[in-house]
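To start, the structure under review is shown below, and the notes come after it.
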Amino acid sequence: PASQPTTTGPIKIGFMGNLSAPFSLSAKAAAMLAVEEINNAGGILGRKVELIVEDTKGEIPKCVEIYKKLVITDRVHAVIIAEKVEMGVAGMEIGAELFPEYPHIFFSTIGSGDDIWHHVRDNYKKYRFGFQTYYSTSTNYLKIVAGINSDIYKNLVKTDKVAIIYEDMEWTKPLRKGLPNVSPPLAGVYKERGLQVVNETTLSLDQKMFSPVFEAAAKAGAGVIDCAIGYIDQAAFVKQWATSSARNIPLMIWGGLAGMPAAWKATEGKVNGVMVGSSMIRVPITKKTIPFMDNLVNKYKIGPIFGSHTTYDTIFGFKKAIEKAGGTANIDKLISALENVEEEAVLGKIGWDKKYHFNLPYPKYVTPIVQWQKGEMKVIYPLEYKMADYASPADLRK
Amino acid sequence: MLKISNLSVAYGVIPVLHDINLEVKQGELVALLGSNGAGKTTLLNTISGLIRAKEGSIFFLGEEITRQMPDRIVNLGISQIPEGRKIFPYLTVKENLLMGASISRAWPQREEMLNHVYELFPILKERANQRASLMSGGEQQMLVIARGLMAKPKLLMIDEPSLGLSPLIMSKIYDVIKTFPEQGVTVLLSEQNAHMALEIADRGYVLQDGHIVLTGDREFLLKSELVKQAYMGM
Amino acid sequence: MVNFELRRDRILVRFRDKKTEWVIEPRYWRNPTIAITFLFLLPLFVQTWPNILTMITTANLYAAIAIPLALQMLGTARVNFGPQLYLGLGGYTAALLNLHGGWTPGETLFAVVVVCAVVAILISPTTWIAKGLYFSLITLILPLTFLDITYIWGDIFRGEVGLTGMSPLLTLPKVTWNYLAYYYLSLLLMLLYLLICDRIVRSRIGVNLAAINENEDVARMMGVNVDRYKVFYYVFPSVLTGIVGWFIVHTFRTFAGVTYLPLEFMIKILIIVLVGGRAFLYGAIPGAYLVSIVEDSLRTLGPVNYFVFPLVLIVLIIFLPRGEGLWGLYRKRRPRDYFPKLHVRRE
Amino acid sequence: MSEILLKILIFTVIWGSIYLLISLGFSLICGVLRIFHLGYGVTFVLAAYGLWALMEDAKLGLGLSILLMIVVQIAFALIVFYKGVFERYLEEEEVLLTLTVLISLAVAHLANYLYPVTAGVSIPTTIIDDVVSIGYITISWQMILAALVGIVVTAIYCLWFLHTRIGLIIRALSQGLTAAMLMGVNVRRMYYLAMVLSILPPTICMLMIAPFWSVDPFMGAPLLMTAMLISILGGLGNLKGSIVASYLVGFIHAAVSFIFVSRFMGLAALIVTLIVMIWRRGGIFAGETLW
Amino acid sequence: MLEVRNVTKRFGGLTAVNEVSFTVNEGEVIGLIGPNGAGKTTLINLICGVYKPDSGAIVFEGKDITGLPPNKICHAGISRTYQIPKPFEAMTALASVLVSVLNGKKRSHMSLPDAVMEASYYLEFVGLFSKRDTLARDLNLYELRMLELARALATTPKLLLLDETMAGLNPKEADAALDMIWSAQEQFAVTILWIEHVMKIIMKATKRVVVLHYGKKMAEGPPEEIIRDPRVIEAYLGVRYAQNL
């Protein structure tokens, strides 16, 4: 097409995020870091990389507006949306409209759930330019995360009674209802693995009072509370857990605030004993992990949060793919290069599924499970990165 | 007691009062007569500080009050009973009365004053715990007058007490007002109904289009052609 | 050499000893056709920046929500916090029917009109049942309830993700043409709304609207069937708002309640009305443009723009002509115009 | 069965009192100044972040920080809200509503800019960091304390309004401005007082609930919504109504979450409010007056 | 033409109107007097449909109009003025009257220009034509009362209820207003129910007077008789007034 992005000159990457939200800010810093490192090492195939940062303000109309600017006016080679899933989806829709005339690649590096790769699955031809880099697809959750969790419950916590708490959002729907022909719901998966689900509840997003939920879990005699939550008010959730009947039943939180270093301060230490999937722990999963974390803090005064690893790794994956495709001239060559790329990343290896374009899950891409122990996050799983043994909340509080 | 000299007042650019000179002596009952829109309410509001004067001065007991805030003026001893029965609708009758005594000077004597106004207007005692808005127009007018008394004012300015009252209640209220000077309360009474007002007043001023056109004692005014024609409809 | 001199009513241009002057005749520059022509020609200037085109398309849509809202607030004599309800209803109706029923945009438009009208008629009794501010507060609660429902019935409404992949209104051979067409469509939509609402305000029932806005009890005593007019003034603008939802669905092709249903969105519309001025119907347009342009240009400041933007708006609201906003700058008040004022009624 | 009833009872009382504490100041402003203070949420944000800034950045002790924070609060309420907005735009309510919203947005975003979530802002548990068991349930002392404080503060306010001279004056002021001025009321001073009185409950509230609530820059909006919901339900600006409505909302939340699912507690309260407003057009106490 | 039958209205514990009955005949001017709080305004509000009576019935031209909404009652041919004028403050005098012209009749199919003509006529009648473009909030009390009258007449009523139209007017203005009302009665053939405290006007204007006291009907008859009725003197007029006669 006439509007092919430039095949010489700098390689342009557009970055979009809600720059009042810490995760977008951190992802922005990570993207800047990646670009800086690539440029310092001579760029991609000798071409400089240029990052264009735009603020969506978290509004769909603005997101649509900026996407068009990046692709049509700036002629970027790739757009990264590091924001909530509805933004990613809106971007993908606009991208599909533009793609035939303005070929480009689209990466969603934060939004959780299946929506991005479902688009690719359902209409490959139309959406093949879209790639999702976030460790959160429901298949991943049901097949892998659920397995890890049941392993932890049985072998570390040593219980077989689980209470499950979901938040009422789209990303937990497959967990609550299961995926037809792929997997039963989360409760079913746990049952298959020999656990007993004693209680299940769903929380609303704006809820602030959680005592009834914990009362119910304690009453049901749960040995562990499995919390598929990431967006609800986790500070209040954890604080109220620590003063409820369920305070001696360990929490396993899938992601969110509890996995950030700030959680200890934000909850006055009430997070003690909580287990959480967190990528913000200083554990050398690859040789890139620690330098990445240090550089981010030193250069941009911001710690890694969700989405910063994935954004950073995405850019390196993109670099590798361009090198493999020998340039940016042929978009289909680039897409197939991306489908086949595998590059060392901060959290293991980055690469995308050939058909569906989600990034390859554990054990390729690792999210360590940590437990808060007296002010520090300690990895308790996977065992090869283990920093401490699991301890019960009651023991930790002593 | 109250001395107003060369007072001019305007609402924005529209002049309403021109060069007013007026005096009220201790223990008098002075009537302020004038038709609708003559500026009576404006004058009273200026004295009590709700409206700012443009020129001139107002002295009360030797102290200049021309540009004081209303609360200060009330504290000095001037109370105004507004036209149109501005009660506090959701307070009880008793609370309305207590509000009259809410300035710190009058607060300690509120119980005495309550008994006093209950004597003057027994209906208020009967209805003491009723919501004020449920009283009829006439009862509300009594309430407002009683409330004005509660502050133990030295000068009481009453604005059109007869507006919309039945003849009986009107004369009842006038009977009460008549006794105020004896109780040590000087009265400045603004009224359209010259006949009624002059029946009880010692002196009077006639206000027309913002000017004082006539002044004198009761007999003089009652005989004056101007008053007869314009304000008593004779 | 060349010397410009700005006088109160004219610009003087001096060149050496020659002098020409250009009279700024209010009659001309106040003429709305100039403004409309300008809006129609605007794409010529911004063609190469599709984002600006999108931005003003969005501004047109915001104005198209604000104009019926003004009519609604005057006719029901109440501040209304909830036109987003109909934006959401229209959007979801169009999107669901298009996705699951395969209805074309034309058909979904019809459905949107019917659904919004029916729901508005069902809710309209509140316009006379609820007193004063309470009506405003009901309108505040309804969209929030709807938002909750979009999460609870996630199977249908798809919660925070929203619905995607609706068919486009137009498929021109080039996307940029498409965007240009969307701009003109949104402009036409906005101008159409302006025309309709203006017509209504100037008609016989417009006189009643003024009376209801002033004092509905007295209006009733003068024989105005207040209840019936309130239903009309509630339902009709609601349908207009619903159509904007439909338009959004078929142009952005994604629709999520979280974007449009919360109070934040409504506040933006209210600000537009306020900056635009009290002569709501016309003020909404410059208001929408100004707010959008200010917001967009502030983004260059980086993350501080988040708290600078409200501050700038505060300054704008304080320093624009009191109560008449931008429209007040544009046009001096003429005595015979009925300038409605929003009363926040407590009784 | 009795177990559930007991739970519902206990949480009705506790949550109701907490909601009361949240909404008290809002009702007060609504009742006295007769305006809808959409910037009410700012008080909570300022309380939390002001305290944090003074403690962590200025390294002052807890007590001193609280005192200073209250001073800042009062200054902000009087200068920005009262002087800047209410006094100038009392008659133009649409301007007033929008300006208050914009101010609260600006403050929230500023707080977010200075102290994003990653700063881990929190307010320490001030009194007892322990739990207590009543029957089958365990509650933190802090929650009970917050509830008690809610009851006590409300009681003090109500008694004060009903039985003191100033209380009477403020109630009268809410009904007739000119008349009150003619009674010798210093209106401005009373409005100042009302503003101060209205920011104390939310400030105390923030200190009390922070240990089991979250502290984030945008918490003002949901707290304002809670306060508004309760005010609407009870009758705008009516303290009696607020008290009844708080416990009603507390009861709805407790009943729904213990009998049904906690996911629906917010929605249930919204729907009950809608129904009440259609049934009684002015809220439970059809609030036209402060009391 | 109007028949009020045993109408009662209570506000909480207070019975504002208590078992009142009377009739108004076509073409007459009837006075309604009584002490403050007697329930006169409440009675008018009951007739106009602002309140619904707790018991009793109101019949207008043979039709029961009890509990109809105000706009229906207006269409039936009853119109009123307010004790305290309630203008449409931000609307011009002409527009205010226009509202009545357009809505006062059942299903009028008048075009806007015709309606403006008619509204101008009513304004001219009350002498406000020169103020047609003045906002109502800028009018003085006399003009407001006249505007109220024009507004009421423009709905083409058969029965006009006047609530203390003279209150606050000086004698000159009151005379002018009285003339106006008389000529209105002639020109538009309206029947008038008139509340007034100024006895002089009641005496001049009416042939029959109904006296209310504490919500009850106390007396009814020609004004000359009423002012000599000892009960009325005691309850309402006062001894002094009687002496001055």
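As written, the chains take the letters A, B, C, D and E, and residue 1 is the first residue of each chain.
Just so it is clear, contacts are C-beta pairs under 8 Å (C-beta built on N, C-alpha and C of every residue); 3 or more make two chains touch, one makes a residue touch a chain.
Remember, predicted model here, so these are calculated numbers, not experimental data.
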Reaching subunit D from subunit C through chains that touch each other, fewest steps: 1
Lowest number of touching-chain links that must be crossed from subunit A to subunit D: 1
Touching subunit C and also subunit E, the following chains: none
Result of counting contacting C-beta pairs for A-C and B-D, higher pair: A-C
Centre-of-Cα separation between subunit C and subunit A, whole angstrom: 38
Distance from the mean Cα position of subunit B to that of subunit A, given in whole angstrom: 77
Centroid spacing, where centroids are CA-atom means, of subunit B and subunit E in whole angstrom: 30
Touching two or more other chains - residue numbers and ranges from subunit D: 109, 112-113, 263-264, 266-267, 288
Subunit A: positions in contact with at least two other chains: 20, 25, 168, 204
Every chain pair in contact, whichever chains are involved: A-C, A-D, B-D, B-E, C-D, C-E
Subunit B-touching residues of subunit D, taken from the complex the two chains share: 165, 168-169, 171-172, 175-176, 178-187, 288-289
Of all residues in subunit D, those that touch subunit A in their complex: 7, 11, 15, 109, 112-113, 116-122, 124-125, 131, 133, 136-140, 142-143, 211-216, 222, 253-254, 257-258, 261-267
Touching residues on subunit E, where the partner in the complex is subunit C: 48, 50, 69-71, 74-75, 79-80, 82, 86, 88-92, 95-96, 98-100, 102-105, 112, 115, 133, 135, 151, 155
In the complex with subunit A, residue positions of subunit C that touch it: 48-51, 54-55, 58, 61, 148, 151-152, 154-155, 158-162, 164-165, 168, 174-176, 178-179, 252-254, 256, 258-259, 295, 299, 302-303, 305-306
Complex contacts: residues of subunit E adjacent to subunit B: 11-12, 14, 33-38, 83, 140-142, 164, 167-174, 197, 199-200, 235-238, 240-241
